[in-house]
Each structure stands twice: as C-alpha cells, then as structure tokens.
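Note that subunit A is present in both complexes that follow, paired respectively with subunit B and with subunit C.
== the complex of A and B ==
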C-alpha cells in the first residue's frame, strides 16, 4: 500500500510518503465510503468557489460599465440614473491606505519584539493572547469601541464637531484606526512566521561581525523577512477592504464623500463617505436602495480587488520554495488570522 | 504594551457603557419575555413600554438566534472540514492540491458582504420559491411569514465562511504529524484510511478542538452576512415546529447591532447596543482563550501548529 514508494528519508513531518495511487479495493466498505466522501468534499469546495467567482463575473460584467467607475453616486430610485461608484472606490482606497499604514509598522514592531526580545516573558505571553483576542473580536464590537474612543471631545479634531461641542466620532481617521486593528494580527503572525524560519546562523554571523542586536534586526532580519511582511500586509489589506461593519458604524451610510471644512486632505479624512462594501450593502435588498444591479457591479469590482490581493499573496509565498508542511502554501497557516466572518 | 492597554480599555469602556442596560434588567437581560423588536423600537422612540422602565430588554430571542446559527454552522463545518483537511493532506493528487489550496484561501478572503449579497439575491429567493410549500407557510402564518431569509440559508452560508479557518488549522496539524508514527501504523498492515483515522486525526485532536473553538468565535461575531440573510426579525424559531423551524427568520446578536446602528445617538438604545457588544466581546474572548489553551496541548506533543 502506501509504503511501496518510501521516498529517500523525508524530513520529519514535512513530506508525506504517498503511494502512486490509492488502491481502495481491499478496504472495508466504510473506509471506502470515507475515502469517497473526502473526494466529494474536496471537489465540492472547488466547485463552490468556482461558482461564486463565475456567478459574480457574469452578473458583474453584465451590469458594469466604465462610466460607473468615474461617476459619483446620485440619489435616485431609477437604477440607470443613480450614477456610478467613484466615491465608494475612493473611500475603499482611503481606508485601506490609512489602515495598513498604521498597522504595518506597529505589527512589524510587535512581531520583532515577540520573536527576538520576548522579555519580560510574562508580558510577551500576555501580548500574544491579547493579539489572539483582537483577532477573534467581532468587528462590530471593535467598531463600537472605536466610536466610543473617537467621540471623546479631545479627539474632536479627528472627526466632526457639532456646534454644541458634541463630537460625533465618525470619520475616515476613526475607521482607518479601527481597521488597523483588523490587519494587525495578520501582519504580526506573518512576520513572526518569517522570523521563526530564519536560521540562527544568520543572526550569529551578524553578531560575530560585531553588529549589535538592534542593527542585526534592522539590517539583516527585517530585510530577510520582507516577503513575509508584504504577505501579511496584503492579507490585512484584503481584510480591511472586505469589512462592512466598521465602515457602516464609523462612516455611516452616506452615498458620497463628505469632507469637513476646506482643508484639502485633512478635511477629507475628517469627513465621512462610503466604501465599496457599504455601497453594496446599501444597494442590496438589506439596505435602503433597491439597486441590485449596482450592487452586483460593485461586488464584482470588490471581488476583483480581493482576487488580485490573493494573487499577490500566492506569488509572494510561492517564491523561493517557501512552503509550509505537507506541501501547503505558507499563507495557509495565516487563514486562522483572517476571519472574514465578523464583518 | 499598547495592545494590552487597548484590550483593557476596550473591555472597560464597553462594559461601562453597557452597564445601565445590565443594571436595569439584571440577569433577566438574558432571559425570554416579550417581543425584542418592540422593546428596541420603544428605546429608539424614547418611550418606555407601559409598566416597564425605558431600559426594559429581554435578549433571549437574539441569543437563541445566535446559538442556532452558530452551533448549526460549526457542527456541519466540523465534519466537512475534517474530510476536506484529510483530502487536502492525504488523498489529493498534487494537481488538485495546487488548486484546492488557493481555493480555500479565496473562500477565506471573499468579503462577507458578497456572501450576503449572493445569499439574499440568489439563495433566499430560490428557497422561497422551491422549498417552502404553501402548507408550511400557512401552518406558521399566524406568527411569522416565511420568505426564504431564514435560519437554514444563514447557517449554510455561515458554514462556508468558517470552513476555511477549520480546514487550515486541521490541515496544518495533519501535515505536521510525524511521518514515522503513520509509517509505523502502515507497516503493521493498517490501511491508509484507518491510519488517518486512528493515528493522524487522533494526534490532531487538540488542533481540531482549537479550530472548532476559533470558528465558533468567528461565527458568533459575523454580522453583515447574517444581517442580510437571516431574516432580520427578532423571532425565536420554535424547534417544535420540526422542519418548518429551519425556514423561520432569526436575528443574531451581532446582526442586531448592525441593524440598529442609527440608534447609537439615543441614550437608552445605545446602552443596550453596547450591552450586546459586551456579551459578544466577553464570549469571543473566552473562546479565543479556550482555543489558545487547546493549541498549547498540541504543542506538548512537540508539534508546532
């Protein structure tokens, strides 16, 4: 059976000795049923994913027009007059850029501290479980927390302040900061994974040349794990782009970008606006506007972005034979940190 | 570290903001009683229900909805994910594995609003049209209308959404079971299926437990898809209705927060929403901790997963 082709001493736990073909004829019936169930589930998952992508592509392409990408949404019940979704696309880009630019440096710093310093160790363990909690916290709850924080009056300069002095706490700043929390666990996990796989001789060689620990980290380790940082950032960005709950609570459900004041960039960031996800939500039967065609078109654009990010991750992780155990892609290990359910 | 302060601050602020709701209702907050939608509407209009305080809230309907969708999805996903993980690590030919790996990562990456869109525009109308017979509609017509946005649709889509996490954790664990253990079993003449069942999956048990717990936390916090698909009505499906219960609408806790987000400026309603958030946060935190604990047990075998 399986032992017919015992490959030349596979490294423990990484390669699975595999028979040329599973001969199941001699197995008891129940074992064969299990075997075929495995096949059915595996093929079924591929078909489901294919169905989702194909369906969205067909619907999206039939409703999408180039004009929608350059026109702002307009309030209208007639689908042909309700404009395009330029503003939602801009909103998505703003939130993704803000979120990742906050999360990336922070996440890398935490990861380096956790894998290279880890002192005091009780603090490291607590931080580890704290990050797990952030990764597991529902994004609605994160959003509500963000709303509480950014509605404090001393943070009023980051959002809108009413004439009465009440700060509403809703702005791109707030959304970006809370989104950073979503991306953080992914960046930390990916960077740590990369650091853990670097051989110790790299560090030792650097120390032997008289470099300090800090220089070693900055010059050697960080440049060696650059692909891992990029992987984590791309996955984190995917999660930010796909989140609806935080946007809906921290940016409201407006259709267009609403800057505050006259300052060009800061005003925009202090203001509110839609993103692709809230645009889809609001245009679906669950929201107010009944414009399923617009929702399909926007969902197709969103899916394309997500597919693109996925492609980048695959490309990043399949270079240089970086693969996890059992021939699985290394990014596979990061899935537990990228919970799409929750937002 | 900043993260710790953040977690502490998060728990503290949310709990403080939630306190009025808990203190007005006591433990009955979690109990059944009245129509939860009426209670929320009363708060939104700042008009107390006759004979009750403004904060009067009984959350059991929402908790029951959360339990139904979460437990259902996790149970189905547990079986399917074990089969998928075994297939991925043991049986799949390399060509199929090269496809299945990105497919699972894609399923993990599809935004939940897209799952929700497909659910509400495709699956729910289909179920409404083909699966719900008129007799069934009439049988519960005096309490609730069936329209395809129901427990079953929600549970099935939720299953698909938590599947990638469970497959990923289980498959990584299976892949890191020492080859010698399995070869020992194979050398004794045990066939591959039994070897997988008795050696690999048994070794991976803590990882499977961790996967289940983490997936439960994710399912608990899912808001957008459930707000779109689950029916959006504070209704508690009655299991005594038999199969019909599958077609009855629910509204889980997280979806309730999302659907009432415009009421955050109204004091009583916002306290109640934060109370729901606190319940979610505490349960998700406990589940995360349980998952971390289960993984520690796995590390004791000397296997990193």
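== the complex of A and C ==
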C-alpha cells in the first residue's frame, strides 16, 4: 500500500524491456481487414461527432444572441421581430422535469420489485416483456396512444376542455406523462443492472443484523445504486428532451406557452406550448417558419443542454465509481446508438 | 480443504509447547508495555485465561438441514455457551457453515431450505421468535468483509437497535448514538485506527479493518451470540492475529461460534471444538480432547491432514 510513495525503479541507465506491440502482419488477411475497418469506423465516428458539434457551433453561434434566450417568440415574417426562444426552452425544461419526476420513482420501484422480489415469477416475466414493448415502441405510437387516453372526457382536468365539452387531450401533463414512458425503460434497466451488480453478501449482512428486507432495500441497496438511478434518469431526460413526435402530437406546436385558466402552476401544466425540438422543426426549412437562422441557434442551445446532461451523467458515474461504478458503461450497453463517453 | 495448508498436526505440537509452559512470567502479558512487545501468540494466551462464568445460551437438538433434497446437516446436537469459543471444523461440504447460518435462521434466505429438529436460544425455540429479533440477538460476520457502501459511522449506526416510533430514516447523530458507535468500534479494536475520520467511506479501509468494522457492526446490535463464518480466510496473518485476539477477548460478553478451515486457528481460539464430516457431527469436545486425544479415527485423520 505504501509503495505509491517510494515508487521503485530500476537503476538509471538500465535497459527497460517492454512487451512489443501486437503486430498484425502475421494475421490472416480477413482479420487484418477487420482490424483496420474497426479503426476506420472509430475514427469516422469521431469525425462525424466532431462535424456535428462544429457545424452547430459555427451556425448556431453566428445566429445566437443573448436576447433570444430571454425573449418569447412572436409571429412575424420579419426575422428581427420574431423574437427569441424563451418559451421553447421553458417548454423543454417543463416536459423534461415532469417526465422524469413521473418516471424516476416508478422506474426505481419497478426495478426494485423485479430485482428483489420477482414473485410470482410469471408476473415478473410479464412485466419484463411489458417494459420491452414500451422501450421498443416508436415515440409517435406512444404519442397517439397518449392522445387517445388524455382526450377521454374524465381526464379533461388534465388538459383543455372546449365549450362543447370536447377534451383536446393536449397539455404539458399529457406530454409529460407519455414522455415518462420514454424514460421509464432506461431508468428500470439502469437501476436493475445496479441492483444485480450488488453482491448478495451485502443483503445478507443486513439481514444478519436483524434488518428487514424493506429496510435493507431502503437504506442499503437504494443508496448503493444511487449512481445507477441518476444515470438512468439523466439518460431518460436526454431522450425526453430530444423527442419531437410526442410534443408535436400531445402539445401542439404553438409559439408561446398558453396556460389554461388562472391557477399558476396547474394552469401552465394544463396548457400547451412549444419545446426546442418543435421550435427547431417549425423554423427549419422543413417546417413552416422558414427561419433557419433561429432554428440553428435553437438547435445549438438544445445540443448544449443535452451535452451538459451527458457531462452530468459522466460526473455522477465517476463519483459512484468507488462503490462499484460502471453504471454509465452498463447503461450505454443497453442503448447501442449512443456514444460511450468513457471510451 | 485448502491444498496450500501444511499438515497441521506438527505445527500444533510446536505451538502447543509454550502454551503449556508459558515462556514469560505469569501476569506479564497484562501490562500495556508488555502487551506491546509480546508476540501475538503470547497476547492470545494471556487473553485465553479461563472465563469465570460459563453458561449455555443456545442448544441445537437433533437438527437436520437440507437444501432441496440434499440433507447437508444430519442429526446434530450441541450446546453454545457464553464464556467460550466454539469452533466448528471440517472439510468443505461438511455442513458447518449451513449449521452456523441456521443459528440465526439465515438459511431461510435460500430458497428450498428445509429443517427438522430444534434450536433454542435461552430455552426458547428460535423458530417461534420473530426472525429479525432473533437476528439482532444472534448476529453474524461473514467470510468476505462486507461493509456497506457508506461511512464507517453509518455502517455501525445501521446496526444499532432502531427505536420504534421515531422512524429510523433520518438518524440524528445524537450523543447516545455516537457513544454506542464509539463503544462498538472500541470493542472491535478498530477505534484507534479510525477515530480521526469516522465519516470516511468504509470501502477505503484495508481488508482487516473492514472485517473488524463488520465485527463492530455485529457487536453494535448488542447480540447475545456472535457467529463468525471463516472471518479470517480472506485476511493476512497480522489481521488474522488481531481478530483472533479480539474473538478470545469477546467470549466473556457474548457466546461465540466460529467456523474455520484453519485447524491452527481453531486450536488457538477455541475452548470447544466440533468436528463435522459430511453433515454429521463426528466429534465434539474441548479443544484439548479433540486435538490431543481424538476419539474417532476420522477426527484423527482430519487433524493430521490425511484428508480434507
């Protein structure tokens, strides 16, 4: 243990032999081709990522101004009068906060039940399949399903009810609830992985002190998998922030936040509004706004938010590293399309 | 059995000699200065002065234990006494760990465990006690040090009896709790090494310190019986000596049962030894009886290293 202080070294001037690098010259051709392909793909991916960030940074920074972050959008064809994107930023944050605050407790609860109780086992298997279905469903399908549910008249208090009594089913509540379905599988998977990683001797140690299973879960297991929960939540939040289909269908694509009624928070959540993704879509050449400058600026802000979130995940995971760690790597194994920042 | 282990009987004979005739004058081992210079073995001998009051705490009566269809403990009866260390020895698969785990019903955690026979704690059938109450009275230390991933203080505080009605959730660091934690760390001989920083993560301690923390945790519950499942098998000789000394010193206040693969360790710490083979209790007796005058050929073979 104390060896770190007095790093032992051979006498100066002595020849230090190192193992030679693995040479590919002796490999069969197919292996060599594969090996170099791996290199090429790896470098190519880095270039793509770099290009995205650089492109967005150049485009975004050239159009971005501080004023855009604090002004609401305004309907105008003149770019200088169409305002900023304060409302979309707020919308994104509301949806993300709502979605994760629904998904996190449910996801952790499901993960704990699946990992610690699992009884009856047929129910556990069914729950696992259900999570896979939710994880696999395209978000636009989830959105349509959500619209069907939230347009029911008995759920009218969650969105807007027209004078005719028809419930439109579009609100931050509705969008947040369906967004929770996007984040849920990630939180479940990450928490379960964390729990599965904990050795049984940790549980036995707690039982052997006369603690119940519930106390063990609450005070030992959950605190041990906190980094995994945080990882899953942050990844889920990333998915929520990036999603467009659910917003488009369940929140509309209004220009500003439109609360329903006068109640401060509930009115806002019952109301509709834009998020960054719909704002970008509407202003891009593909949408109606035809204000690509604004779209670029907003896209850059969105990218910054998601990258910031990834940074938080990395930080949380490295902090959790001493108690097992690897939460991020495990989480990324579950979603192969995202890059693994820890290499 | 660990193939690296030397045939134990010769070593025992070597170790045994100074125990019979102490090289140091009697009483020398008690002074602090003498204790500092004395060898671990000498300190252990000093600690092994007979305990005045020995009384029976637990009794195992014709116990059979099975996992699935496989009976791993067959018709075992033996007493567990406070004031004594009971060592259970035997080859792998002899059922000694299962027997140990049944004493605080930890066998029930494993699916498919079955049982026949009776275990009593102070005359009361342990299967009639509430299981968590039993496990607070009969705590256990495991083969691998298993501190919780939290601070040293929290590790010990977790084991303290939770007061009903106050909800153990946000445990205040009240003077009473701090005192109890300090006391448990003292008893486990860890206090002086960690006193400066009880908020340090328990996972940063060395293996031997972690195991003593686990012992402190097990003692914080104020148990009547302490079960140790090969507590030193993952540790170095110095940590092992510290823990053995600790075990011997504790036997006055709690009844101690230790499972060990290490015959020399059994000889060093135990007052009574139970030798198990293939689920049966082959021999039970005082340490001297079992090691010096084994009654059966199987015991003789085992302690002389003929099998295991």
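The rule we apply is simple: the second predicted complex is superposed on the first by the 297 of 343 C-alpha atoms of A that agree within 3 Å, B and C clash if a C-alpha of one lies under 4 Å from a C-alpha of the other, contacts with A are read in each partner's own complex, and residues count from 1 in each chain.
FYI, a residue touches a chain if its C-beta (ideal position, glycine included) is under 8 Å from a C-beta of that chain, and two chains touch if they have at least 3 such contacts.
In this text the structure is predicted, and so the values were computed from the model without any measurement.
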Inset, instruction - Go through the superposed model and pick first if A:26 touches only subunit B, second if only subunit C, both, or neither. - result: first
Inset, instruction - Based on the superposed arrangement, let me know which partner A:70 touches: subunit B (first), subunit C (second), both, or neither? - result: neither
Inset, instruction - Answer with first, second, both or neither: which of subunit B and subunit C does A:205 touch in the superposed model? - result: second
Inset, instruction - Could you look at A:134 and tell me whether it touches subunit B, subunit C, both or neither (first, second, both, neither)? - result: first
Inset, instruction - Tell me which partner A:42 touches in the superposition: subunit B (first), subunit C (second), both or neither. - result: first
Inset, instruction - With the two complexes superposed on chain A, say which partner A:302 touches: subunit B (first), subunit C (second), both, or neither. - result: first
Legend entry - Dominant toucher of subunit A (residue count), subunit B or subunit C: B
Legend entry - Footprint overlap on subunit A, where subunit B in one structure and subunit C in the other make contact: 1, 324
Legend entry - Contacting residues of subunit B [partner subunit A, same complex]: 1-4, 6-7, 9-10, 13-14, 17, 80, 83-84, 86-92, 94, 96-97, 99-118, 120-122, 158, 160-165, 167-169, 171-172, 174-180, 182-183, 186-187, 191-195, 197, 211, 214, 217-225, 227-228, 232, 254, 257-258, 261, 264, 273-274, 277, 280-281, 284-285, 287-289, 291-292, 303
Inset, instruction - Going by the contact rule at the top, pick out the subunit A residues touching subunit C in the complex. - result: 1, 199, 201-212, 215, 218-220, 223-224, 322-324
Legend entry - Residue ranges of subunit C touching subunit A (in the complex, touch as defined): 104, 106, 109, 132-137, 139-140, 142, 144, 146, 148-150, 158-159, 162, 168-169, 201, 203-204, 206, 214, 217-218, 221, 227
Legend entry - Residue ranges of subunit A touching subunit B (in the complex, touch as defined): 1-3, 6, 10, 12-17, 19, 22, 24, 26-27, 31-32, 34-35, 37-43, 45-46, 48-49, 52-53, 55-56, 106, 110, 113, 123, 126-127, 129-142, 144-145, 147-149, 181, 184, 235, 238-239, 241-245, 248-249, 277, 280-281, 284-286, 292, 295-296, 299, 302-303, 306-307, 309-310, 313-314, 324-329, 331-333, 335-336, 338-343
